[in-house]
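Each in structure tokens, the structures are laid out below.
In the two complexes that follow, chain A is the common piece, with chain B as its partner first and chain C second.
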Partner chain A sequence: MKSASVPIDQATPAVHLRDVRVRRGERIILDSLTFSVGRGEIYALLGGNGAGKSTAIATILGFLPYAGGAVRVCGDDPARDGYRVRGHIAYLPENVALYEHLTAVENIAYFLAVAGQRRSPDAVMAALNSSGLQAEAHERRLVGFSKGMRQKVAIALAILREVPVFLLDEPTSGLDPSASSDFNALLLRLRNAGAAIVMVTHDLLGVVDCADRIGFLESGRIADEAVASGPDRFDLRELHARYGKRVLAA
Partner chain B sequence: MIWKHELRLFLRERAAIPALLLLLALATASVVAGLAETARQRAVIARIQPVQAADVAALADGDNPGDAPYSTYHATWNAPNPLAFAALGQRDIAPYILRVRALGLEAQLYDGETFNPELALPGRFDFAFVLTYLLPMFVIVLLHDLRAREDEAGRSAALQAMSRNAGLLWFRRRAVRGLLLYAMILPPFLVGALVSRVPPGQIVAVSLLALLYLMFWLALATLVERLGWKSAANAGALVAGWLILTLILPTLANLAINSAVPVRQGLELALAHRQKVHAAWEIPRAETLNAFYRTNPRWSGASPPKGFDDKWYFAFHEVADESVAPAARAYQQGLLDRDRLTQRLGWFIPAIGLQARLHRMAETDLSAQLAYQDRIREFHSRLRQFYYGYLFSDRPFTRTDYPKAPKWGDGMGGLPPSR
Partner chain C sequence: MTPLILIAREKWRLMRRNRVAVIALALVLLLSTIAAVTSVAQQAETAALRAHFQQEADAAFAAQPSRHPHRMVHFGQFAFKPVEPLAAFDPGVDPFTGTAIFLEGHRQNSANFGDVRQSSLLVRFGQLTPAFVLQILAPLILIFLGFGAVARERDGGTLVQLRAHGMTIAALLTGKAIALGAIGGLILVPAGAALAWMVVVHGASLPAATLLLASYTLYLAIWVGGVILASAIMRQARSALILLVGAWLTTAILVPRMAPDIAGAVQSLPTRLESEVAVTRDYRAIGDSHDPNDPHFAAFRTAVLKKYNVARVEDLPVNYAGLLAVEGERLSAELFARYADQLFAQEARQSDIMNRFALVSPTAAIRQASMALADTDRAAHRRFLGQAEAFRYDLVQRLNMLEATDVTAENDAKGDDPATETLSRVSQDHWRSMPTFHPRPSGIETRAKGAGPALGYLVGWLLAIGACLLFAGRRMGNGR
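Right after this comes the complex of A and B.
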């Protein structure tokens, strides 16, 4: 992957949060949240409802100010320059909401234009194919598209943005097992191409397929972190025993 | 490039094209109706002169010099301004043709008040109506959910995350809708203006006024949108705003102005004049004639009347005019005061301001109507002096004298009927 418009220092972590505190009124939502995601890495942020997952996303995107600590995306501070930071990020919300009255190709062209980008028709077709959307659906309006198909359009859009960071909010929720598996395979391809992927989810089994590291978010902070390789490699049974019930229940 | 995408996004919405086409149809219909009405008025005015000539031809020669001014009606007319097709204003309720005799004028002047009272409330369906009342509804339909629908569909976060300038994104969307609405409402007016030969300066002025008014409603929609309510709540607030700004406030303002500046009805002046004329039969002739000669010393040497005499008859008509003149001036001043207050309110209530300016430019407002009455008064005065030349000199008035009578439009500011 490469950045379309903003040159990035490759040595800098793509996403870095250190002791981040976010309050809403008297309530502390994120409390000393710390984690980093490098290029070519998939980081899964797991947590139950109210753990602070959505707030973490909004803070990384620069939609929410933080009261303490530091957030950097490719070296830029979202609180200072939200637009620049968002230029580094392809964000996939939980419910991919595109325009029903536009075709898949038109949706992509529109959102790229909003981002100030333009891609050739061949590149758009290639991205849609890469995301796994059937060719016959490329020029169809989105009315009648399944959630998985919409997800693929959104992924194609994210690919075409050619940004270094992917921020995914519950990307596999509502997808059938086969679609989830396809999606995870796609994430691995993006990671292998150098993307930094932050995935917020409570799908423990899904992230085990693709995540390099898993951060367990509890009460606004990382309670534990597990890695996929090396001597400390996570064990699914152990993870499930430690967190699965709580996460799955959420 | 992004504009093309925004345009496509908007035009693919289910309500977009039907709404735009409906506005285009309404604007076109209003212009066609306005052109038809002004053409009809011009045709009626054009028919007046042959009718006038036929009337005069039917009159017989007579020895009595009072017969001609008593029997001859002289046509006056207020030809429509080229812009009148767009803003008919008072032309549907106030007379644009009035045939007057050299008798008392005030009784003749307000006959028109009873012409079309039923049209006074709804008003005409003209371009000014579409612009003032209907265009805001289209703004509401197309813009009430500009942002709210994105929030409700869950697209806001994605849009904001992708946009380099979210403010610009919403501005572009508003601009696309605003420009398309403008593009629907303006061309019918431009075609009508070209057909009606409206001066370029007025075309530009109306176009700018329409743009400003549209921008006001776009700004209001933006303001409501910033409250962050749901689309249904936005629509409700904007419709309430429309009701208040175009109906309730103007109505209340009208009531307040009428209450602050009480004005008698013109018809009351006509009745007062008639009572003066009827009462004059009981007043000694010398008293009436002396009053007449005070304002017409030129004829004071006329032979004294014997029995019934037209000199006396015409004199008491003029004296009746003079006796109601202060009330007539107060009536006119009261109307002008009301008009002035309305113009001032126009700075605060856009719907009033727009209509007042359109009617002023089209010369279809109250002041134009009063100016027409002033021209009639001037013409009537010339008619009187013309006929008095025969009446008070005891000169017989024959058929050959008719062409010498003053004609409407001879330096009167009345436009020729062919326009």
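Right after this comes the complex of A and C.
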């Protein structure tokens, strides 16, 4: 178990995948997957079911070995040193998994302790407030929490990890429009603070407001990439026409 | 705080906040305490009762009036099996084997008055003793408290979260095992206290009690490992529960109950009637001491005459009838010993067959180890029977020698006539000088040797479970 205080080389990309291949038996799940995410950048990995999104996450976290290519998270290889890599990453799964017999504050304290970290009660309260969880829910056990409320607890936990990389799996799924908007605002704040954020989703409309770049994942590889600023800034109508229907249909 | 303790503490917090778990644990602890208290009290009462009966029997023997020694041979003596203090922990075969033997000349009686025969049928289904609670109920509570230890983390998605936060699978499995192991330790507390009480107050063997506690710790560690293993390899908590309850039913209930039946079918023992018929037949074949042409007794008479350097029995300085009684008892005792050895050998083969069931059931293994260490197994009963037989033989031969030395042949012949019968009597002072029965409990070496194979199986079980956990952990670490 490793805390987030691992020294990071600021020059290297926070997340870098080059020609990554992952197989399951005879089936190729990721096929020459290549993308990089720098510090202070939000990268949305967009794809339909079966495109390889979950496999990409598992590979970055070091849960799955890759058969070829290279993966680096803050310069470390998850296949060789998964535990060190996971010390760089705050992972927010699609279905937030927390303990129902614990309160929001207890859940955060526990997972922080698992990660070898400790935060003051004030810092925990502040993180929960900034994630948007009502104060009266901070000391309540999670039984009866909605998906959105759990998501907010998990976001507070991710913030408190103070890590350079955030790995988000369908982060706005299940959130109402207002909560989604708040969440996007929070992501932008994290990005501005220098975090590298990888967001895996199939929700094109949900990412256009916050992503700096969007990678379109098809059959385990980046089929196309769009950028949010500069002369090559993406055109939402054109993107939707090209990918939206296919992604949404999937 | 180390990851192991962190995981363990979290598991304890979950159990504390789960009312069902708290109630179940409290019930087992209560049962364990009740079992310990009632068993110790019952053991003390039984021990006092048997000691009282033995004193009464000794007093009755010593209080017999002056009479012919051979009448005392048939008056006999009762030997009561003393209660080993650790029998309160595990009564073993004691309730089934009988606790009192009538010792007399020319016969080797078996023990009678087993508690099971004196009690209701319910006793046959297992007394509430600390051994029963630890062997049968403790694994069940460990199953109910631990089946979801890893499986629920997987079901709920927290396993991925824990790993994403840097928790290793090895730390997770070990932490869960520590948490469940602590519950096992808690369950052991009443039993440990009862053992300490038996050692301090009732003089039980400290090494045996310590080994007993260590054996049960090993046994519960196997279940803890097994529960965590099932929870780790099954995809769902419900599947883990079904697997574990099935394993408990098979290894803790079915196998130990079936083992004696299977051993009995493979190696049958002669019935009591068959044994008695065979012994009686061979006893008659030994010879007739009253027949002057009986080859054995004719040779015996010649040897006696030669030894005393006389030509006729009437010239012997001792009563020849007494010497005949000594020789007759020697021959019959040899016969009894031969039959007893045959029976013990058959029982040993049965025990060997039963012991092999420890390979498929840790409960069968702990039962064997527990009874051996408590000195309440079949071997311990055999040792008691051996001591009782040695005492019987010594007592009868002393009385026979009394007839040879203190009753003249002339007076001995007058014993059948009521008018002169008093001449054949010897002083009642002799009865008081006869030894009394004080069987020795088995030493720690004997008990440890008896428990050795079963303890070996338990260690094997623990190593096998540990290896499986290691393998399961690696598999979990390689997957998502």
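We take it that the second predicted complex is superposed on the first by the 246 of 250 C-alpha atoms of A that agree within 3 Å, B and C clash if a C-alpha of one lies under 4 Å from a C-alpha of the other, contacts with A are read in each partner's own complex, and residues count from 1 in each chain.
Following the convention adopted for this analysis, a residue touches a chain if its C-beta (ideal position, glycine included) is under 8 Å from a C-beta of that chain, and two chains touch if they have at least 3 such contacts.
Note that the structure is predicted; figures quoted are calculated from it, not measured.
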Combined model on chain A: chain C and chain B, fit or clash: clash
Contacts of A:Leu64 with chain B and chain C, given as first, second, both or neither: second
Which of chain B and chain C A:Gly116 touches, first, second, both or neither: both
First, second, both or neither for A:Gly87, with chain B first and chain C second: both
Touched partner set for A:Arg24, first chain B, second chain C, both or neither: neither
Touching partner for A:Leu98 - first (chain B), second (chain C), both, neither: both
Which superposed partner A:Arg189 touches (first chain B, second chain C, both, neither): neither
Contact residues common to both interfaces of chain A (with chain B and with chain C): 61, 63, 83, 86-87, 89, 91, 93, 95-99, 101-102, 110-111, 113-116
Touching residues (chain side chain A, partner chain C) in the complex: 1-2, 58, 61, 63-65, 83, 86-87, 89, 91, 93, 95-99, 101-102, 110-111, 113-116
Chain A - residues contacting chain B, complex: 61, 63, 83, 86-87, 89, 91-93, 95-99, 101-102, 106, 109-111, 113-116, 118, 161
Chain C to chain A touching residues, read off their complex: 1, 3, 6, 10, 13-14, 17-18, 156-158, 160-168, 171, 478-480
Residues on chain B engaged by chain A in the complex (per definition of touch): 1-2, 5, 8-9, 12-14, 153-155, 157-165, 169
